[in-house]
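Just passing along the structure, written as structure tokens.
Going in written order, the chains are labelled A, B and C, and every chain counts its residues from 1.
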Amino acid sequence: MSEIEIINPETVSRPAGTYSHVARVPAGATLVVIAGQVAIGPDGKLVAVDDIEGQCAQVFDNIGAALEAAGARWANVIQTMTFLTRREDVPRLRAWRTREFPRFWPEGRYPPSTLLVVSGLANEEMLVEVQALAAI
Amino acid sequence: MSEIEIINPETVSRPAGTYSHVARVPAGATLVVIAGQVAIGPDGKLVAVDDIEGQCAQVFDNIGAALEAAGARWANVIQTMTFLTRREDVPRLRAWRTREFPRFWPEGRYPPSTLLVVSGLANEEMLVEVQALAAI
Amino acid sequence: MSEIEIINPETVSRPAGTYSHVARVPAGATLVVIAGQVAIGPDGKLVAVDDIEGQCAQVFDNIGAALEAAGARWANVIQTMTFLTRREDVPRLRAWRTREFPRFWPEGRYPPSTLLVVSGLANEEMLVEVQALAAI
């Protein structure tokens, strides 16, 4: 596959955070679908109760492991959807992403992303879930 | 197309339910996008008012019909997203899936899936909506 | 790529609005992923405070601009997901779509779509967010 293009059109206001407006995936890509990941550690237990930053760290560890198992890397991610259960975690999530995302996408080529505050996830202690799509 | 790979990496805790962490779709697939399906029967009326299990049955009948119309089967599903409007339906949905999903995916090769509790769907009587993606 | 097929199977109740049940994307498509768009104008400011119709107009302007930047047109859209923060905006969104969507999809070949009412978006003044997927 030729490279994924990350596009931020001049006709749309510059992204107000660590995301881009468009990812364009050339024909012939292998698609990788990753289930919504939550802050469950390798031992099957939820980590970082009541701690959004700690939960984010585990969620992105899980996504990284899932990408690797599929033969993909962070640069292959073409979409993330993030679901929070508490409005007050929006600025905390933002701060975490601003600090940590450059580690995953060092060139600032952030994937398109959508952020929703929802009423609940599979379990009441889960504060964040992130679903991702990648193309190789 | 070569076969869809369903992957549950050893580095991520085993899925706590009828889903898998990753689906990997080889290049050259035909993609099938299915709109969020609700419990509307063939006559255009909502079925199973106030009954999450009855609504799930209709929703998955609709998805099955949509897959068939697109020339796909359950084994082709690479993602589902499930939206519930009542937190108390989470365990009921889980029980329904545990009972019924082996009929759709007899080998336990469940597609990646995301579950959200939301504030509402298109209409207040709808308790569940499921969106699916498939690859042929 | 051969053309995207829009399918409304006879086995599923006719769509109750401006959407279709299935989009089938032939192999060999270029995929375009568009981040959830909100009612931010070109100057980076939210438009149409407390006005769902005005916010919809800006959101779809942004999606149109993103499609264009990726070399796609409305006919290439294969999925939209719409997120509202107020239940009372559901009929208003519906009315807006009924009025405006024929402009984007003049032949009535509406893409599959999912509508959710959620607890919040990135910022409390945002009333609507729309995420889209296209295939060229």
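Going forward, a contact is a pair of C-beta atoms (placed from the backbone, for glycine too) under 8 Å apart; a residue touches a chain by one contact, two chains touch by 3 or more.
This structure is a prediction, so every number in the text was calculated from the model and none was measured.
A.B. asks: With over half of the numbers shared counting as same, classify the subunit B/subunit C interface as same or different.
C.D. replies: different
A.B. asks: Give me the superposition rotation angle from subunit A to subunit B, based on Cα atoms, as a multiple of 5 degrees.
C.D. replies: Best-fit rotation on C-alpha atoms: 120 degrees.
A.B. asks: When the centre of a chain is set as the mean of its C-alpha atoms, what distance in Å lies between subunit B and subunit C?
C.D. replies: 22
A.B. asks: Indicate the residues of subunit A shared as contacts by at least two other chains.
C.D. replies: If we look for residues of subunit A contacting two or more partner chains, we find 28-29, 31, 81, 116, 118-119.
A.B. asks: Taking the touch rule as given, give the residues of subunit B at its contact with subunit A in the complex, in rising order.
C.D. replies: Per the touch definition, subunit B meets subunit A at residues 5, 7, 9, 11-17, 19-29, 31, 78-79, 81, 87, 90, 111-119, 133, 135.
A.B. asks: Going by the contact rule at the top, pick out the subunit A residues touching subunit B in the complex.
C.D. replies: Residue list for subunit A touching subunit B: 1, 28-37, 40-44, 62, 65-66, 68-71, 81, 83, 116, 118-124, 129, 131.
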